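Structures incoming, each one as structure tokens.
Common to both upcoming complexes is subunit A, partnered first by subunit B, then by subunit C.
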Partner chain A sequence: MEKLIEILSSVRQDIDFLNENKLIDNGIIDSFDLIAIVGELNEFYNVNIGVAELNPENFNSAQAILKLIEELKK
Partner chain B sequence: MQLTSTLFFVFISIVVITYYLIDIKFQWIVLLIASYVFYYLASPKTLVYLIITTVSTFICGLIIQSSKTFKSGSNNSININLIQKIGQKKNIENVIILIAFLINFGILAFFKYYDSIFSNLNSIIFLSPKSEIPYSNLVLPLGISFYTFQSFGYLIDIKRGKIKSERNIAKFALFISFFPQIIQGPISRYSELAKQFFEEHKFNYSFFIYGSQLMLWGYFKKIVIADKLAPVVNTVFENFSNYDGVYILLASILYSIQIYCDFSGGIDIVRGLAEILGISLPKNFLRPFLAQSVEEYWRRWHITLGAWVREYVFYPLSLSKGLAKLGRFLRKFIGNYLGKLIPTFISMIVTFLIIGIWHGTQWKYIAFGLYHGSIIILEILLKPISNNILSRINYDREVFSWHLFKVSLTFLLVSIGRYFARADGFKYALRMLKRTFTNFNFINIFFNKNVNLGIDGKDVFVIIVSIAIVIFIELLQESGIGIRQKFQEQNAPFRWLILSILIISILVFGSYGIGFNENDFIYRGF
Partner chain C sequence: MIVNTVEYLEITAKKNPENIAFYDEDSQITFEQLRDTSKRVGSKIIQLLDGVRNVPVAILTDRNIKSIISYFGVLYSGNFYVPINKAFPVHRIKKILEILNPKIIIYLSDDDFDVIRKLDFEGKSINLNNALDTEIDEDRIRTTVEKMIDTDPMYAVFTSGSTGTPKCVLLSHRSVIDIVEQFSLIFDLTSETVFGNVAPLDYSGSTKDIYITIRNGGKAHIIPKSYFSFPKKLLQYLDINKINTLNTPVSALRILANYKAFDTVRPSSLSKFLFFGELMPVKMLNYFQYHYPDALFVNLYGSTEKTCLAYFIVNRHFTEKESLPIGVPFRNTNIILLNDQDQILENEDEIGEICIRGAFALGYYNDIQSSEKTFSRNPVNLQYQEKIFRTGDLGKFNSNGELILVSRMDSQVKHWGYRIELGEIEIAVNSIDFVDFAFCKFDAEKDKIVLFYQSGFEKDKELLVLLRNQFPQYMLPNQVIHYVKFPLKNNMKIDRIKIWEKYLKNLNTE
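Moving on to the complex of A and B:
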């Protein structure tokens, strides 16, 4: 989780990714952030997050993102 | 068959009556037969291309689905058919997507772009008339840009696991050919449209009334406004060198209104007809001229095309490895802000180029796409700067006048973009722009009484009143009022009075009569 927060914070330093759970629903991150975040995640975790995974429920919180990565790594 | 012709009304009456009289389980078959009869009557020589797209997409969908089933290990049977055998090959999904792309977009490109590509080639390599590459004079298959995009979206959705492939080719054929939407969209998704065909549809009086009202509203916009504006727009655009810049800009603004009333009117007719049949088609417009930025305009204009390119071009490109690498590199060296924006801007420009080319390959359409993409990029870059300045001077951005300013500016920017879309070619669009800015002569609009705009005083009055009615209705809708529900709550005499006025105004003020050429829908040509 620590590494994930570090990656997310490298894209947006001003967000408390550890406690925020409506990142998409409340418009806290925009599509530019989302695209940059996915690029970082795909590279670091060696996964392939594609358009099919770009749902709000997968990106609303750091926990949801971690869950998505774990599922894709299976 | 024109949507405004008597034959069309006879046709839809027969379809609707048969649809509701026949056994419910055969309703979709009535729609399939009606769709193919409609297509044959409207575009007999090109029916074969619709069939090629249908069959090839259907088979490709089965193979991709079979590959997914194989990968998930849920198909363990020993006796497998040819499609299942192909589906077991490695990387088959990408190969099949590529084959489907080459077949269907190949047909689209051949029909749509053959003439314009070779006219460009002829002019670039200066061939003598004898050795010029001949023009094909091909008839564009009806709805090809719409059904090609719709069918390709279907395959990608199967590949992404969002839907399962259709196993009945006749049912799939209906999804591709559904007659109300084949002419000019909306581009539908299989997950939203297909299931509706096979549900039970009992005659519903409310759907019938709502659908008929929507059709009537569409005819009003198309026949009373769009077709009446066509002569003014055509006159000025075809002879722009005879007009001051102010008239050229006015014609472009009128063209914005014409194309909106034409396209959204056509979509209202199509959606209204589908509603009568108990089928809900996606919205294609959400009052685009009330948008407060060009970016917002594209979320309200031709929504289904915008959604298609966003889903199948913009996001896949933005998430591609190459652009992700570029983003990381840029964020390291030029900072987080621009490093994040630039790769997305590249995807945006490519997406708008595709929107431009979707309309045609002439340079003017490429310029049209680049113009819109560039304006949106400028909006994104300038927004923080303008917000900063306005905050510093304590300028209230929540007041009506500021919203009005932004709506007007957006409308003006979009109308300037129409120079490219409507002019006879890119160089003419540039000449028109030059004339607008160097020879504007605003004052002439008040004092020059001898300008011929191809329209008489009575028509001007009808157009102004009709546009005012559309603006009034759209403002009500924008404020959250459901016009059709509110209308239905009124007493019957009032409702019939309004409907009669609408019908009479279409019949009396619409553009008909001897010597009048019925205008086809503009987007039917795309």
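Moving on to the complex of A and C:
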């Protein structure tokens, strides 16, 4: 989790990723941020987040993102 | 002959009053409703300004129909609108208002009054919802529209400026009519055209979606912002709404291509792709052509100062090593290439600045000095006063007589489809007290703005927070690199090349 927060923070240093759970629904991160985040995640975790995984529910919180990565890693 | 863009709406609203023109996330509007609501807003503005014409009216825009109503409201009042994205930092909006000095700002929802309050704005602010209750003053609207000529200003757009302040590009009715007529004709855009509007409404690219729709009595869907994050949702939206034409920045298409989104959902109505903003890589084009072998693909070349200059209809196969031409000029536009001696270049492969004769911008508002530089006298015409627009782009003609874009003459870059002057970011960073010196470089391959700064301590986070208060999202550096001391060259100048090479090397070893 710590590493994930670090990655997310590298894209947007001004957001409290640990506690925020409506990143998409409340428009806290926008499409540019999301592209950057997905790029970083794909690179660091060596996963391939595709169109099917790209939906709001998977990106509303760091928790959800972590769950997604763990599923993709399986 | 059409002499102002209001006439497009008048004609179509009379012909097809009940046809739906625009859709947004939660509403839709017919041509007749658009005309009548806009006239109400126009009547309100005429009242407040007591009939003064050709002055700026600022609008805090959003991706919705209300923005378009307020645009036409301003036009009916005989003035020009200046869209300002309400999501911009207050600091930037204030800077914009300083240059513009408008008497009126229109805001679109009660919530947006919060933004207005922070601006210390001394003029009048109008809540669009209230303006819609104004009774239409047909007489004053008619006499106002009658006085309009095609070279009157119609709208202005702010872009990044290299001197540290945003630049206000002022466009006339004539520039818009020019582009709308040529597009409709050349690309066969008609009442059957259903646009998916992708470009932000505070950005010149969307002018085409709006006014071509109104001229031809077609339809346009303002795609909700949230869809851009989720390619699958976006494509489903295009499919359900039977969108057949996309006039879009390349950056939006890149997202679809990167995720190979069409492999999952392929909207069946899409038949025209018009793209602009930056050069589309051939690899990406091939991906779209694979899914839409029969569609029309057009590479548009233009800038805020002249919405579109030239176009290339993709008519042959390109290999990934080639780059797409920007093609041939639109009718009623001429392109000349000038070398640094201001001589015309006519031979194949000679590189010069792309300069334009045609219906380009009126100039930069409240900035005569930059205007005279960019919109200069035609140096090869000594017989009479003729202005050309110097694009600042270098180009050449290939053996087919097609124009090829080579590079920029200055440090302007295209990032996420927006044009940005790196100098503007540098000036802001260099004015921060804990920064000794800073400069930006653009990593074109990764589409990243990289900021290098020298400071006694690493303060990346503080730096970014300060910049976020000043600049829209797309102008923020994507990577910040701190040095306690920059390496110097023998002449004691900062060794930017060495710093950049180190950055590239670090990328490769990661």
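Keep this in mind: the second predicted complex is superposed on the first by the 74 of 74 C-alpha atoms of A that agree within 3 Å, B and C clash if a C-alpha of one lies under 4 Å from a C-alpha of the other, contacts with A are read in each partner's own complex, and residues count from 1 in each chain.
Operating definition for what follows: a contact is a pair of C-beta atoms (placed from the backbone, for glycine too) under 8 Å apart; a residue touches a chain by one contact, two chains touch by 3 or more.
None of these values were measured; they are calculated from a predicted model.
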item: First (subunit B), second (subunit C), both or neither touched by A:E40; value: first
item: Partner chain(s) touched by A:N55 [first = subunit B, second = subunit C, both, neither]; value: second
item: Partner chain in contact with A:D14 - subunit B first, subunit C second, else both or neither; value: second
item: First, second, both or neither for A:G27, with subunit B first and subunit C second; value: second
item: Interface residues of subunit A shared between complexes with subunit B and subunit C; value: 13, 31-33, 35-36, 50-52, 54
item: In the complex with subunit B, residue positions of subunit A that touch it; value: 10-11, 13, 31-33, 35-36, 38-40, 42-43, 49-52, 54
item: Partner subunit C, residues of subunit A touching it in the complex; value: 13-14, 24, 27, 30-36, 50-52, 54-56, 59
item: Contacting residues of subunit C [partner subunit A, same complex]; value: 225-226, 228-233, 255, 258-261, 263-265, 416, 460-461, 464-465, 468, 473-474, 478
item: In the complex, subunit B residues that touch subunit A; value: 160-162, 311-312, 315-316, 318-319, 321, 323-325, 327-328, 331, 336, 339-341, 343-344
